[in-house]
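Starting off with a structure, shown below.
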Amino acid sequence: MEAATKPKLRVATTSLAGCFGCHMSFLDIDERLFDLVKLVEFDRSPLTDIKHCGPCDIGIIEGGLCNAENVHVLREFRANCKTLIAIGACAVNGGLPAQRNHLSLASILEEVYHAQHGLVDGFIPNDPELPLPLDKVHPIHEVVKVDYFIPGCPPSGDAIWKVLTDLLAGREPELGHGLIHYD
Amino acid sequence: MSFALETAAHPENLRRVAIDPVSRVEGHGKVTILLDDKNKVHQVRLHIVEFRGFEKFIQGRPYWEVPVMVQRLCGICPVSHHLAASKALDAIVGAHHLTPTAEKMRRLMHYGQILQSHALHFFHLCSPDLLFGFDSDVSKRNIVGIAEKHP
Amino acid sequence: MTSESAKKSPMTILKNIHAEYLEPILQHHRHSVNNLLQILREAQEHYGYIHADAIDHLSVALSVPRAKIEGVAGFYSFIYLQPRGEYRVLFSDNITDRMLGNQGLLTSLCSQLWVEPGKISEDGLVSIATTSCTGLCDQGPAMLVNNIAVNRLTQERINAIAELIRERVPLAAWPADFFAIEDNIRRKDILLSTELTPGAALSAALQRSIEATLHEIKTSKLRGRGGAGFSTGMKWELCRNAPGDHYVVCNADEGEPGTFKDRVLLNSYADKVFEGMTVCARVIGARKGFLYLRGEYRYLFDHLQAVLSRRRQQNLLGQGILGCADFDFDIDIHLGAGAYVCGEESALIESLEGKRGTPRNRPPFPVTNGYLDQPTVVNNVETFAAASLIALNGGDWYAAIGTSVSSGTKLLSVSGDCAHPGIYEYPFGTSVAQVLADCGASDTQAVQISGASGVCVAAQEFGRCIGFEDLPTAGAFMVFDHSRDMFEVARNFVHFFAHESCGFCTPCRVGTSLLSNMMDKFSHGHGSPYDFAEIENLNGLLQSMSHCGLGHSACNPVLDTIAKFRPAYDQRMVHQGYVPAFDLDRALSQARQMTGRDDTGAHLERDHESK
Amino acid sequence: MSQNNNQPASFELDGKTIPFQAGQTIIQAAMAAGVYIPHLCFNPEFKPHGSCKLCTVKANGRQTASCTQQAQAGMVVESDTKELNDERRALLQMLFVEGNHFCPSCEKSGNCQLQATAYEMDMMSPHFDHFFPDRPVDASHAEYLLDFNRCILCSLCVRASRDVDGKNVFALSGRGIKTHLIVNARSGHLADTDFSGADKAAQVCPVGVILKKRVGFAVPIGERSFDQQPISATPHPMKQEG
């Protein structure tokens, strides 16, 4: 890693309808994290306490769009980040949550909140604080323009590292056999 | 022991403070606090905002696929969900008595995950509070701050 | 009745209902699996749809797996595996029908008969849906009722039809003028005006040697009128020289939107067409011919059978034609069942063989490996009609007409915004402006030449000429005046291609649906320059990777209208940056309904640009 | 290149000389010479189909499917070019958005040719908007499961069942984007056909539609056929995993 002559790039990350597996995999880069922090500083992220994404160079989005809140956050990222990276199957193609797309949202809510055995007079939560689910789960490139993708569920720490270092060096990211995985 | 949740009588004229999202934790949550003008707290809620519907869409899938599907419920505790599903499958396929090796294997997997998730949570997410204090400077109160101060 | 009829369990009684109407159909088609499509079509005319029991019966009778029968039945739009009602109404939905207001009439009929578009009424009486161009653009809006064509739809006629259906009046008892399809011939030239007493061309051909007749066809420089323009002489010669049993096939699929010239030729000049086929049979040494007639022209079927039987009596078909011992040739009519792709010659042959109409891998071409893998000439209706005149009057006469590259004349089916829609026959080399003047078009914004897969010509290009060297055409000539939205024209055509794609190859199967979605995205006001680039990339892929012409030309209407009518797109490009194709707020409607919420948190801004 | 009579006829593929016997297609000759051309609906054991178009090459300047194009002496063929690989990647993206391909929970992952070919073509994203179709799962058969969500309409099962097993268990029905696989039974269930696990048709599915029950995920990640080497390296995945 060349010495940090350039000003640090500002990176923000978030997990929309993800499970945080990609963020955990990101932390799997282990000691290389220290090399990375020489080059970047973190804005909003589950790893920091910054609650809203300010102007950034890179936005890393884990998770697809399951509810209205996810859309707000994604739009905030797109508005503030020069480059947007979709990380993980959920962000790239909807991932596991998108397996509900062939079902009607009504049948899902009924099943989870009404029909479940052991639930006495259950009801579908309507607290205004809760974001409403979309009728279908969408990968993020179907709602905003996305610049790069890191497939995988989760992508390995090495794959994430390879793409980030490619980008930081201004190269088109390439994974190649062994690093590119969709599962 | 169950008690009525403290719910504000007239939430509309109370002041709302939200911690949105709850950060340095694995998962999606939001905390809302309703206070009156004398800063007395009337209502606190932790809202679990993420609804995906795994309960429904795993139905109709081959049963040997489910353990692999439910891993994706949580990125830091996939093993627990995987093994819970495996336990359910034991009943389905009639494997009521686990072989000793199988049981040891499952216990080992659980311990492995506990180790990994605790270490991760403790060092990456929680340590800034302990080393810098809960009210320390926000911009430093994260893993990067820790890395700089305590390499 | 079969031997086990002794024990009549309810199941076997049920099965006999189907056996009753299926057995005569199977006899008529000699239990040949090659006639599977004709058997299915006739079975449906009896029963209304193909019942699972009928499939079982056919599977045994033809000794073919029922999956094959289901596979073929599932391919064709007019063959149904589920009940579609006693009256199956299909509104023709070509852009010309829309310009004449078919949408309003469809909604009116649906409300009068309490049925939703695309669905069947509760009592199983009627289903109403749309279908691709039915070839009645000069007298639209049109519809098919149980595959029989009804033209000149007006609110009165729709009201009458609603009444007739409610009263369950059989089609035969409907007013005759509902089915009076006119020719609308506006301008005749050599093909439509030259008299041909049946057999004259044949006897002229028989006086010459076979090679001499072939020579006449070649010197006439006649080229295929189906649109591809392959030299007819060369095609016949290649086929003649190929070993095997030879077949002559007349392509009367005429599925290209805006094309109805074959309808007129078959209605009033059938003798010329069949004579041309018989001349071809003489040249290539064929004993068997087929007329592949599109399912939408079912109403012409009996008339054409009558012409064929008359010609047999006149010894112009059948054994020993005109006393020539070695010249036997006869023609069977096969009806299509609603699949535009079967206009492609190898897909047509697949359909003739009772299969799904997917184009073959080429080479080899039909001239050497066609019907039943034997040498086959597939020519358009107009090509055979012209060939009959050439056999009569010789090639030089024909070559002198038109231009050096495109000899002879071309029938144009003119429709859209013009005073006199109908059939205009011109020598090649005639300008678009000339045609517009003759058909009484005014304030013309554009003309779509050769249908959806053809070329969109704008005002400044009206000087261009019809001909293979400039504007090749299969005959469609749709006129649009300045009140028309050229974006909607292109969108109609793109939906047509997505509906008609055979689904064989990935780029076209998926690409045409992606293209339709992109055009709908523009139409719903979500368009941005990003989508423009997407359409252009998709076109490159379709043109270079598609298996047949349908995929190659699916993007033509979009690219032509982008190039020549950019404002129609720009006005829809309300966004500079990418926006989603779907309406995000509507995506929350189900959740709002389930939770009864309508607070601000329950909504999302419709469109939010992203840089 | 002049052909003297004792040397076998050959054509040029990306600068390499590929010998071929008469009647061979470009892909057959290339495969015999160990040169990989991406393909999905081609399988050397069956008649070429030519529907997926992954194997499209430029032969003497004209793009054509190399599985149906006969090899000709002196032909100049381009395959591994940027333009063709970009188009192949777009075709793969089309296949991924047309069906429901959830690799994380799919037992065929690691042995799936669609996935392995997408890896080979560096497909990092599906790019297009997903169709998310509603497709059935048929678990009626005692030993075999059919998950139509992953069907890419390559017809290998149709050809195997017709030409090798002589059973015609599978066929395609519908048209255009509604084209779908059906089985030879009135009920539409595999259990009511004469399909058996020993059929050739049970082993040829390049993706995860026709699966033996209860053996999924047996081979650990890292040891599956395409974990060890990319699809371009294996001569042809003769032994079918899973």
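First chain written, first letter: the chains are A, B, C and D, and each begins at residue 1.
By definition in this document, contacts are C-beta pairs under 8 Å (C-beta built on N, C-alpha and C of every residue); 3 or more make two chains touch, one makes a residue touch a chain.
None of the values given here were measured: they were computed from a predicted structure.
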item	value
Between A-D and A-B, the pair joined by more C-beta contacts	A-B
Longest centre-to-centre distance from chain C, chain (CA-based)	B
Centre-of-Cα separation between chain B and chain A, whole angstrom	17
Chain C-chain D separation of Cα centroids, rounded to whole Å	33
Centre-to-centre distance between chain C and chain B (centres being mean Cα positions), rounded to whole Å	60
Sequence positions of chain C contacting 2 or more other chains	581
Per-residue multi-chain contacts in chain D, two or more chains	104-106, 129
Sequence positions of chain B contacting 2 or more other chains	61, 69, 72
Complete list of chain pairs which touch one another	A-B, A-C, A-D, B-D, C-D
Residues of chain A defined as touching chain B within the complex	15, 17-25, 27, 33-34, 37, 41-42, 45-51, 66-67, 69, 95-97, 99-100, 103, 107-109, 111-112, 116, 127, 129-131, 133, 137, 153-154
Interface residues, chain D side, partner chain A - complex	96, 100-106, 109-110, 115, 118-120, 122, 124-127, 129-130, 132-135, 221, 229-230
Chain B partner contacts - residues on chain D that touch it in the complex	104-107, 137, 139, 145, 147, 211, 213-214, 216-217
Chain B residues touching chain A - in the complex, by the definition given at the top	20-21, 23-28, 30, 32, 45, 47, 49-57, 59, 61, 69, 72-76, 78, 120, 124-125, 138-139, 141-144, 147-148, 151
Contacting residues of chain C [partner chain D, same complex]	52, 55-56, 65-68, 70-71, 73-77, 339, 356, 361, 363, 498-507, 509-514, 517, 537, 540-541, 544-547, 581
